[in-house]
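Labels A, B, C and D are assigned to the chains in the order they are written; within every chain, residues are numbered from 1.
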Amino acid sequence: MSEQSILNEVSALSDRLKALRHQVWQANLDLERHNLVTFTWGNVSGIDRESGLIVIKPSGVEYSDLCAENMVVVDLQGQIVEGDLNPSSDTATHLELYRQFPEIGGIVHTHSPQATAWAQAGKAIPALGTTHADYFYGPIECARALSDEEIATDYELNTGKVIVETIGDSDVMASPGILVKEHAPFTWGKDPHQAVHNAVVVEVVAGMALQTLQINASVSAINSALLDKHYLRKHGANAYYGQTKK
Amino acid sequence: MSEQSILNEVSALSDRLKALRHQVWQANLDLERHNLVTFTWGNVSGIDRESGLIVIKPSGVEYSDLCAENMVVVDLQGQIVEGDLNPSSDTATHLELYRQFPEIGGIVHTHSPQATAWAQAGKAIPALGTTHADYFYGPIECARALSDEEIATDYELNTGKVIVETIGDSDVMASPGILVKEHAPFTWGKDPHQAVHNAVVVEVVAGMALQTLQINASVSAINSALLDKHYLRKHGANAYYGQTKK
Amino acid sequence: MSEQSILNEVSALSDRLKALRHQVWQANLDLERHNLVTFTWGNVSGIDRESGLIVIKPSGVEYSDLCAENMVVVDLQGQIVEGDLNPSSDTATHLELYRQFPEIGGIVHTHSPQATAWAQAGKAIPALGTTHADYFYGPIECARALSDEEIATDYELNTGKVIVETIGDSDVMASPGILVKEHAPFTWGKDPHQAVHNAVVVEVVAGMALQTLQINASVSAINSALLDKHYLRKHGANAYYGQTKK
Amino acid sequence: MSEQSILNEVSALSDRLKALRHQVWQANLDLERHNLVTFTWGNVSGIDRESGLIVIKPSGVEYSDLCAENMVVVDLQGQIVEGDLNPSSDTATHLELYRQFPEIGGIVHTHSPQATAWAQAGKAIPALGTTHADYFYGPIECARALSDEEIATDYELNTGKVIVETIGDSDVMASPGILVKEHAPFTWGKDPHQAVHNAVVVEVVAGMALQTLQINASVSAINSALLDKHYLRKHGANAYYGQTKK
């Protein structure tokens, strides 16, 4: 590899990371705009798959103090590559998801109240209507509780592992979010923006699902033909919602 | 018909469509102002009855990117007459209602959360008080679920058809909205503005109705004399609410 | 009475009505500021006790179109004294309360959702805590349903009459609000501003009361010693809340 | 002590009180920013431990009329040291907490609706998830009801005493808030700002806890290993959340 081509690659990486810092910063602010966070209770990351570098919110910094420049860059093993601040305390959870699922380009964690209530209740959010089916191809699962050992050592990594375990062999992008029991939701997407979008969806459908059950405690899950219709209307080869095929 | 009179008609139609584009655009923005939509989950249309042309929101475009000019004009068979964007994916539902009910001048679809919860629950919103009775002369019905066949082919058209089926012979303007089971509400009015107004009413009374049942699970529907009084105080020949007879 | 003293009285009345128009207009806007109204679903009035003239919101006019000048002045029999617009359709209810209770200086009617849910449920809002006790010396009662005859003729007047009947011999200012069954709350105060204040209180305590019952269905009313303490801390001869004795 | 050193101490105290007035004023405004108060239903105080002087909100003054200058300074016995206005009617409750717990630097009282509903229900808010565990090391307790005698004489002081009684020998800073039965929450912290922070947390977890129970009535408290993990991740010698060890 010539010196020039190395310089070109470094320059290209620098440009991509700069753009990703901006995206991740904006996506973190979007959590506030969508009323998903109280104080600093949420974080967004994004990954540059070519280099394997992740940009993530620093830990415990107020949203008003965030900027593209104070986002933290870590590698897939969690080593800080750029940045003076500690990365989010949930970084190890994000990294485990990035390592296991190459489709994922952005991850969000919040304590949005309605989704968190389902996580605290230890219940999956059932697919009860088309609002849900437009984004999640089935229930939003609730991961099992961590064991005391999993909590005691490498807690955040193990949180990632129970998410991975819950997803199992299913299509990670077809149900782009999960509840961690007694904790709160994680969502993901092809990029940080879409991960935030899915975090909003989880919060909205969480609230609707509780109200639905309060109106009709014996309601059953959405007809699978309708689930298929709405999910596939927006996703997959024959999608026809919006202006372009996805 | 003289050339001049044709030119005059074309000019008059152009003026009416321009005004309708503006109305429909504003009515779409009103969905956001009234907190009825998340992202792009809602759409408003309006019809020019003289020409049979419908103006409707484009599919999947963010509210901040909407303008009078990018509204889509379609005919009653769904052919695009003006516009470069795809019309709302729910267009066929709107068209079926316009075809069947000449009284309807504007239609709204949202996934407003409280009304959507009733739709997901598969329950009509009962008329429990005067807030409801001021606008809806009886319960806000919930249409039956579509069959798998109705979902598989012409889903959006069939959604319109089950709404029409549910309305049956009753006065479509006396209960200007309906819930589509496992989906969400549709409302209508003499124009797009009134259709939005009714979408707000459905959301508000949906929330009130659930709270009412939580306070008193055995509550019964509003006294029919009071329903009559309030509905007719605002509607019909002897209306006396507001500044002018309607 | 000399010509001069008559002129002086007319001038004083004119000044008082001008001030009252301003107060009533502002109090109507306060309903919006406190999120108590959707569209035009609320009204405030105030009375000039010296002349027996009432200033009230016009019927069905949007809040953004209200101004001091388009408030309507009526006498205690409902005759329009000043104004080109129809007064609120609920005027006869307000007038009945002003006629029966000389202590009342301002009246508010809203369809605020949480209070309306209790009215629709036909249940008094129980006094469950000090928030309630700071303003209402006991439950916020729910009036009985009107008979079909009372609805058919002079409905709004009869609404006032069932409120008066429910208050009975109790101190009208010690529980400055009531729920009208299947309808919504009315509140009052020594002036329009205080009546709005009490409308906010009713809405807040209505929501708290439902949540309280959801947490503990067998909760009982506040200890009467605590009710006394809080009510009398803010009201009556030995009040010590705030900056001045009331 | 030389005249000069006395002058220096007076000057230092004056500077500290000026800073504390500013903090307490801002913390009171933060109650509004975080939607914890309706009207004047809340108050914040802070203490200068060196002098034993407390700065507290004046009673019944609207938030828009507050400023650093009209905060009231009282000593630990409640004597007004600076200020023309009456201090909060709840001052005696604050003072009792400052006297008993030297760790407390700021106190907040609100009637925030969701926390107040738990207080009215007479139930502790159970620790159901990590949102709670990040701040409260166990349930948010509900103090016992005051006796009629405790209400009749020195009510506000006795309110402080039942809070102290409920805390007992436990670590006052490990569960920095409590519910007063049939009344509302009190929270505290090392300074007024942290006390407000904890007031927000109580309101948020109160709402989440009710929703959690509505989803799953038989939910049990958070696994104690997870409670430990989250509380100690943010607090104590080995905290690693945020940018600095606490």
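Criterion: contacts are C-beta pairs under 8 Å (C-beta built on N, C-alpha and C of every residue); 3 or more make two chains touch, one makes a residue touch a chain.
Predicted, not measured: the structure shown is a model, and the values here were computed from it.
A.B. asks: Once subunit A is fitted to subunit D on CA atoms, what angle does the rotation have, in steps of 5 degrees?
C.D. replies: Result for this pair is 90 degrees.
A.B. asks: Same residues or different residues where subunit A meets subunit B? The copies count as same if more than half of the interface numbers are shared.
C.D. replies: different
A.B. asks: Using mean C-alpha positions as chain centres, tell me how far subunit A is from subunit B in Å, no decimals.
C.D. replies: Using C-alpha averages as centres, the distance is 35 Å.
A.B. asks: Return the distance between the CA-based centres of subunit B and subunit D, expressed in whole Å.
C.D. replies: 49
A.B. asks: Quick check on subunit C: which residues sit in contact with 2+ other chains?
C.D. replies: 213-214
A.B. asks: Provide the full list of chain pairs in touch.
C.D. replies: Pairs flagged as touching, ordered by label: A-B, A-D, B-C, C-D.
A.B. asks: Which bits of subunit A are touching subunit D when the two form their complex?
C.D. replies: 38-39, 41, 58-61, 85-86, 89, 111, 113-114, 116-123, 145-146, 148, 151-152, 155, 182-184, 210, 213-214
A.B. asks: Per the contact definition, I'd like the list of subunit A residues that touch subunit B in the complex.
C.D. replies: 128-131, 197, 200-201, 204, 207-209, 211-216, 219, 222-223, 225-226, 229, 233, 240-243
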